[in-house]
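Shared between the two complexes below is chain A, which has chain B as its partner in the first and chain C in the second.
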Partner chain A sequence: MNGAKTHEEAALRNGWGQVLNGFALMAICAMAFSLRLFSVVKYESVIHEFDPYFNYRVTQYLVKEGYYNLWNWFDEFTWYPLGRVVGGTVYPGLIWTAGLMYNLLHYFNIPIHVQEVCVFTAPLFSAFCALATYAFVKEIRGQGAGLVASTFIALVPSYISRSVAGSFDNEGVAIFALVFVFFLYVKTLNTGSLAWATAAAVAYFYMVASWGGYSFIINLLPIHCLACVVTGRLSPKLYIAYAPFVVLGTLTAASIPVVGFNAVLTSEHFASFLVFGILHAALAITYIKDVLPPRAFRTAQTLVLSTSIALLGVVATLVIFYVMASPTFGWTGRSLSLLDPTYASKYIPIIASVSEHQPPSWPSYFTDLQAATLLMPAGLIAAFRPLTHASLFLILYGVTAIYFSGVMVRLMLVLAPAACCLAGLALHQLLLTLTRSLKAPARPSPPADAPTPVKEAAQRKPAKLGKAASRAVEKVAAVAKRAWHPLPKELAIAALAGAAIVFAGYTVHSVWVSAEMYSAPSIVLQSRSPDGSVHVFDDFREAYAWMRYNTPADSKVASWWDYGYQTTAMANRTVIVDNNTWNNTHIATVGRAMASPEEQAWHIYRSLDVDYVFVVFGGFIGYPSDDINKFLWMVRIGGGVFPDIKEKDFLGEGGYRVDDKGGKSLLNCLMYKLSYYRFGEGALMATGRMGFDRVRQVEIGNMDISLKYFEEVYTTEHWMVRVYRVLDKPHLDTKLKNRRRTGKALARKAPKNVDASGALARA
Partner chain B sequence: MEFRLADSKSLRLREWDDWLYDKLIIFAPSVAELGGAVDAAQVLEFVDSGRDLLLAVDSRASDEMRGLAMDCGVDLEPRNSAVLDHVDYARGLSGGHRVVATNNTVAAKSVLGDFDGQARILFRGTGLTVSPESELAAVVLRAPDTAVSGSAVKPLAEGAALAGADVGLVAIVQARNDARVVVAGSLDMFSNRFLQAAVDTAAHGLRAPRSGNAAFAAELTRWAFHQRGVLRASALRHRHAGAPAGSPQPSWYRITDVLAVELDIHELVNGAWEPYTGSDVQLEFVMLDPYVRTTLKHNGKGTFSTRFKAPDVYGVFKLRVAHRRLGYTPIEIEEQVPVRPFRHNEFERFLTAAYPYYAAAASTMAAFFMLTLAFLHHK
Partner chain C sequence: MGGRCAGSWLPVRLLLTAALLLSTGYAKRSSRASSVDAELEDSALLGELEALQAGARDRVVHMDEASFARYASGSRRPYHLVVFLTASHLLDKPQLGLRELRYEFGLLAQAAHKLPRDAGARLVFADVEFKESQAVFHRLGVKALPWLLRLPPTLRVDPGANIRLKHEDVMRHDDYGHQVWKAEEMATFVAERTGVKVDKIERPSFFRSAFFPPTALAVLASGAYVAWLLYQAPFMRRLWIYAAGALFVFWFSVSGGMHNIIRGVPLYFFNQQGQIQLWMASNQGQLGGEGFIMGSAYLSFGLCVSALTYVVPRLPSSASRQGAGWGLVLSAAAIYYWIISTYTWKTGYRWRWYF
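For the complex of A and B:
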């Protein structure tokens, strides 16, 4: 009787718990979304940075032309005159997503502009990501841990940096897709259902469509599978989770044009096939072991082992030969730069030149993950107690992500969900222990009587979760029971307060980071003067708008590749190179032009039909990421293809400097001239000192700049963008001199004999 | 026609932004500074605006005139040098060995028209040269083989001079905006005395009752003042080879498409536009480099056409006709035409070569199906 009542009570509490859980999740989603709106509030609803402009432009094309035309889009506005087959070279997931949302909203007669859809896609998907994380961790450790982890990921600064409103980039949806694939994989591991496995493959398809980072999944899953095989965790569920995923995943991945046959041809994908084979072999061995008597099995073992080793040798040799035949051993440069962190800086300056491809510094871990950094190791330990298929997966994910984040700042983003999940585990475990200690009776009593939350969870879980998950929860309970010694109440309260402070600190930090660090759209800059007033620098849009309305529609604009996407999207003009750095030679040609003296540069630009050149210059107002500071990369990238450009020619006394001790080639190259043209007097306006550069904090070395082949047509308010026109060929060859005769002709000393007897006749 | 003294104070070429004249003849070799508001730079501007200039200098050419010639792309020999012919000079005119008789003209009907090149042209003045790199300037009258260019006053230093046909006498410059400039090294060759003089050379004893100067000068000025060698290219149009002429012009082509390209070129003959009949007009299909270069055929009515297959390379191509011939208006026409790759559904659907693979896939599927049946229902 008593038992029935308790059961009813428990059911009621459980129901209320579910409702509370639902509200908590909604609150987390709302928080994740609204935290990312600082950029709209502080600036405006505008697309940020560089790549998002391309995505925005492609989305515009999609909503106008439809999916098939996007697939076949040949874009003649970029990479002139090569053009770019956008449909075959873009990861279309993000664009599909935004296009679909746009069409859906318009179907319901909500007349929203494409730009607004694009601006708010990333915040929306960060809310989805919080849900996916909840589901993922719930599969590993239950609802409580899931809620904590999803709170963590909703706030984690690293992810905020890529998903603020306006940051319309692949990562915004890809991180959601990544976690969602992991959730479905773990769900399949726990349930052993083929339906979930198929769902995982479909989610993987979305991930492949969204981001090149999908290769992380297709390598992490084999690692996990292999670890399970090696540690004797081989089970039919593992097979159902892994084998269909590889087959279906590879098939679907290959149908994304940008991946295509790479899905079976490049080394990034080989691990999954190898493990696929190993998994089958391992299962076959267990099956045979079951079928055969022990003696026969041993004989078979030696027989099979010897033949298979021989066979494996042959296959391995073939694969090695195939791989050795390609200069990069079948790896793409980007993958190699992950495996060998020094690879890019040695061989691919174009990858090394991007700041987000540099290794992160230690402080950036604390900025980007904050409390999660501290809790992550604890989470790793928590994941081991007990070790299940699912928690093993989380451990492997965490460990590999830590390595990759150490290679590139950008991959901190892959670490963020892992860190949040692990931190969620740890914090959840901590809270569990502390609250149980609070609830525990003062005098020790048999633990079995204590209505611990874990036990409750264990009782109610079977209905909600798969068997494996409930077993995991039971195991947790068992471990907890074994190890449980209630802490003194005072200590527990103090520790709870400490945890609350840590978490509050994390929240405050995240909000601050979101508001101050990651919300700047980088095309509009703000500076605060000492009296607190805000000054806005809108030079980029000013320049792009000028180009849009004042240059012929078919003119070609050259600049360093960073500004290519923005030029096509905002100025609507053809560019020579852009941020999709697929053709190194083309970029090197532009770098070479910038590093050449004016006349040579003019010839290079003329050969590319360039009509306008613009440079980004920060010396006037002190904007540090300008072209002069990027210039050495132009030299390196140019020099990588055209060896006549040597970096040492551009270095002055003691390195790179723009004052009169700077390198000779630097002071005469086109980039220098275009940046500092008329700057001698111009600097007087800004600083009151002739030719004083506020970024480099020096007086420039060459103030007397005149241009013969270029003509300044526009300079923005703060001189940040300077647009020049490439002059046409002169009508007369006045520059040509007859070398043999000119020496004499010029050497003559002309006496002034005025003999004006000639008649001047005009017809 | 209006005559002015070169150093006249009231000399003006333009009023505000309007040029007062279309053609300019400067026969003032030794004037140190042009008069009024005019200077060499303004004369260059005059040429830059598409107007014509005939400039005659001689051994006394001033710095101003030298600079002007040089800025047009023609280099004069040093001051006080002259073209001398110690062997075969023309007798009967003052100047002795400095009067040269030549018929070494360039063979270009576009410049000299019907001038037959038989009559000798008498010349007294300075030599000139044109840079071999020059795209625009060309020498149309050269000295005879026996002539040299050297100082008119000092004895000739050994090997210090240009000789023979290397000595240019008259050069023409065809500017990119179709302005035309003639630089003659001799003012006297246009004088009445030279025009009417008889030819009588010292060594070969060539005699003729009249020099060729009059005919040469007439033809040369006809070229200089746009009465000859003027071309007009218009209406570059392209379409798919299969489409009927005059169908709307496509904005892009696919790789390996066959293009039909047409273009009208007319020549100004005696004040009327007549079909041009050049057989060497070429069309290029360029993306960084020319992928196709083909000669255009004309139909006698001024329409030049050709057909060619686009290369199997996609990109933004340009149709380019660059026709530069001596004495003719340069033709530079470019039109941008993107060439795109195949759409996803434009590839061949079933390849003969792939049938073994289709068979393999089908048989695998069948075998799998049968195995499944056998596994499930065979006990």
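For the complex of A and C:
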């Protein structure tokens, strides 16, 4: 009777626990979603940055033309005159997702604009990601750890940076997909159910469709499987988790056009097949060992071993000769840049020029992960106690992700879920110890499910290492297997308070980072005056709108590749290059034009049918990410293909400078002229000093700029975007256009004008 | 009268014409003879140089004062002389990198030697050492090394006199950067001045040698054997080794270890007062040392938490639990405070409350 009552009480408590758990999860989701809305509150509901504009444009196409037409879409608005096969070169996961949500909402007669759907996709999926993380860690270490981990990931700044409202980019849905695949894999490991395995393969299909980062999964799972095989954790559950995943996953991955046969042909995928073979071999050996008598097994073993060693020798020889024949030793550039971190900065300027490909320093970890960085080591140790299939997977995920994040700051995003899971694990174990100490009766007794020591370590004799370090660790391990006692109560309270402070600090940091650092759409800028008022710079949209309504619909617009996606999406005009940097030569051609003197640049642009050129210029208001600051990359990328462009010609005394001691080629190149045209007097308005550039903090070296082959057609309010028309024929006399010039300057430049009229006569 | 006069002048005219013809013929012959001499001399010079090149280890002719005077002097030469100036007593100065530069120069010389004869102008690569040829350095007006020069074939060089090279005929640190120039960069320099393009510099690479396949196989086999031994070894069953490995990877990454390698950042540097400077006050980068200190701080915080969770509850005596527990909590708090203050100092960030 009494027992039944206790049982009933426990069930009731468990029921309340579940309800509380559900509410906590809902609160976490709401927090994850609302934390990412700063960009909408502070600015407006607008698509951010560069790549999201392309995704937005493709989504618009999808909802207008349908899924099937997207598959076959050839976009002639980009990469003129080459065009781009969008259906075959885009990761469509994000676009499908947004399109599906849009259609669903419209099916229920909710008339929402497609832009709003795109803006709020990433926050929504970060809430889903919190749920997936909960499920993943729950599989590893129970509900409590899952809840803490999902709180961590809802707040983690690294993930916020890619999932604020308006940031409509692949990573927004891909991180959810990544964690979800891991959850399903671990679920299959724990249950051994083929249904979960199939679900994992389907989730992997969604991941491949969403982001190129899927190659991390297809390498991490084999590593885990191999580690299980090597450490004697081979089990039917492992087989069910891994083998169907590789087969179904590869088949489905290959059906995404952008991946296609790469799924079986490139080196990034080979590890999964190799481990697939090893897994089968290991299982076959186990089976044969069971079937054969011991002597026969030994003979068979010798036979198989010698044959496989011979085979491996042949394969190794072939690989060695392949390596000798290939200049990059058989690896693709991207994977080489992960294994040899210095590779990209040496050989691929287009990779090295992107800031998110730089290696992070120690403050980056604290900015992007904060308390998760501090708790991660404790989480790694907690995952070893006890070590299961699932916790081994988390350890491997954490270690590989943290290594790769050290190479490229961009991969911090892959590390963030691992760091949050490990931090959640650590904090959960700490809270468990502290609360049990508080609840413990005066006479200590070990709790039923207190962490148990690792048996393997305990049973073995001390190793022959004989080093002081190893002995110390042995001692700690020996302590760890003794009986469990509660901590002193006041100590437990102090530690709980400390944990609360650390977590509160994490929350404050994340909210601040979300509001201040990652919410700027970079298409609209804000500056705060000393009196607290906010000034908005909306020059980009102004310029794109001008182009949309004032240029012929079929005009071609050239700019540096950064602005390609925005131009096609907002100005609706054809561009020469864009942010999908697939054709280095084409980008180098634009770089070369920008770095050439005016006449030469005009010939290049005319050969590309360019009608308008625009440059982004920050010298007027002090916007540092302008084209003049990016210019050396144009020179480097241009010089990589056209050797007549040399970086040293653009460097002045002591390096890159735009004043009168700057490189001669720089002061005469098109980019300089288009940026600083009429700026001598223009700067007077902004700074009161003639030709004073507020970004470089110098007076520019060439104020006497006249244009013969280009004509200024529009400059935005704060001079941030300057649009020029490429003339059909050069001006007869450039000086007539510019009345402010002195007679002296006219006389000096006179001979060139003769050339111009001659050229016109010939034309 | 007039006709007679004309008749009397005729022989003189004829005589003059004959003399003129004779003298021009002689002049022509003598000039032909001198050009033949010059050609002979040229080919003799070239022959000597070719012999010297053949004898040189990497096709770079070593010249002293006498040989430099012999091969560089004159109003013209049938070749471009590309000279690398070096100094034996400065070879080990790392900031000059003369040894590496000389090696790269040798690679260029070997690659140029393999070009077909009709590839364009002839190139002769030479090096001159400071201690044995001080006069050459003086004549060239060399103030700092490294110094790579091209002596154009048409530049007049008088023995013993100063040699005035054009600015563009010299490769110096100021114009070409302070890094060790690669043979490819030197090849570009030479190609721009002489028109001879040396496209393919072959670096002797172990990967291309005949020894590579057997060595690689041997390394693979022995590696596999060692791995097998390790796999069998009992101490490899100890989990703490793997935990320590995982923690090491964590520590190395969060310290920005990769950042140090990729950017080639030193652990510390000496400031102008000669003191060790360990911290860089800018958010843009880091020094190696500060990174490892901060990485260790991150790691120690985690280890404190872990020890409080797993080790302290297993201590048998309540006094030791009390002491160790408080020690760990207080040190974790101190580390946390120190990390926060160092972070705000480094980045200049100040948190704002949004509540």
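One rule holds in what follows: the second predicted complex is superposed on the first by the 670 of 763 C-alpha atoms of A that agree within 3 Å, B and C clash if a C-alpha of one lies under 4 Å from a C-alpha of the other, contacts with A are read in each partner's own complex, and residues count from 1 in each chain.
In this text, a residue touches a chain if its C-beta (ideal position, glycine included) is under 8 Å from a C-beta of that chain, and two chains touch if they have at least 3 such contacts.
Here the structure is a predicted model, which means the values were calculated and not measured.
In the superposition on chain A, A:Trp71 contacts chain B only, with no contact to chain C.
Contacts of A:Tyr80 after superposition on the shared chain: chain B is touched, whereas chain C is not.
In the superposition on chain A, contact is made by A:Lys648 with chain C only, not with chain B.
Of the two partner chains, chain C is the only one that A:Trp512 touches; chain B does not reach it. By the touch criterion stated above, A:Tyr403 is placed in contact with chain C alone, chain B being left untouched. Here chain B and chain C are compared by how many residues of chain A each touches, and C touches more. Shared-chain residue A:Lys729: touches chain B; no touch with chain C.
Note: no residue of chain A belongs to the chain B contact set and to the chain C contact set alike, using the contact criterion stated above.
Partner chain C is touched in their complex by these residues of chain A: 230, 313, 316-317, 320-321, 323-324, 329, 341-342, 345, 359-367, 373-382, 384-385, 387, 395, 398-399, 402-403, 405-407, 426, 429-430, 432-433, 437, 450-451, 454, 456-457, 460, 463-465, 473, 476-477, 479-488, 491, 494-495, 498, 502, 505, 508-509, 511-512, 515-516, 643, 648.
Residues 1-8, 11, 21-32, 34, 44, 47-48, 60, 62-63, 66, 70-73, 75-79, 129-137, 173, 175-177, 179, 181, 187, 225, 252, 287-288, 314-318, 336, 338, 340-341, 343-344 of chain B are the ones that touch chain A when the two sit in their complex. Chain C contributes residues 175-177, 188, 207-208, 212-213, 216-217, 220-221, 231, 234-235, 237-240, 242-247, 249-259, 261-263, 283, 285-286, 290-291, 294-295, 298-299, 301-303, 305-306, 308-316, 318, 321-322, 325-326, 329, 332-333, 336, 339-340, 343, 346-347, 349, 351-355 to its touches with chain A in the complex.
Chain A makes touch with chain B in their complex at residues 68, 71-72, 74, 76, 80-83, 85, 87, 257, 554, 607, 609, 729-734, 736-742, 744-745, 748, 750, 752-763.
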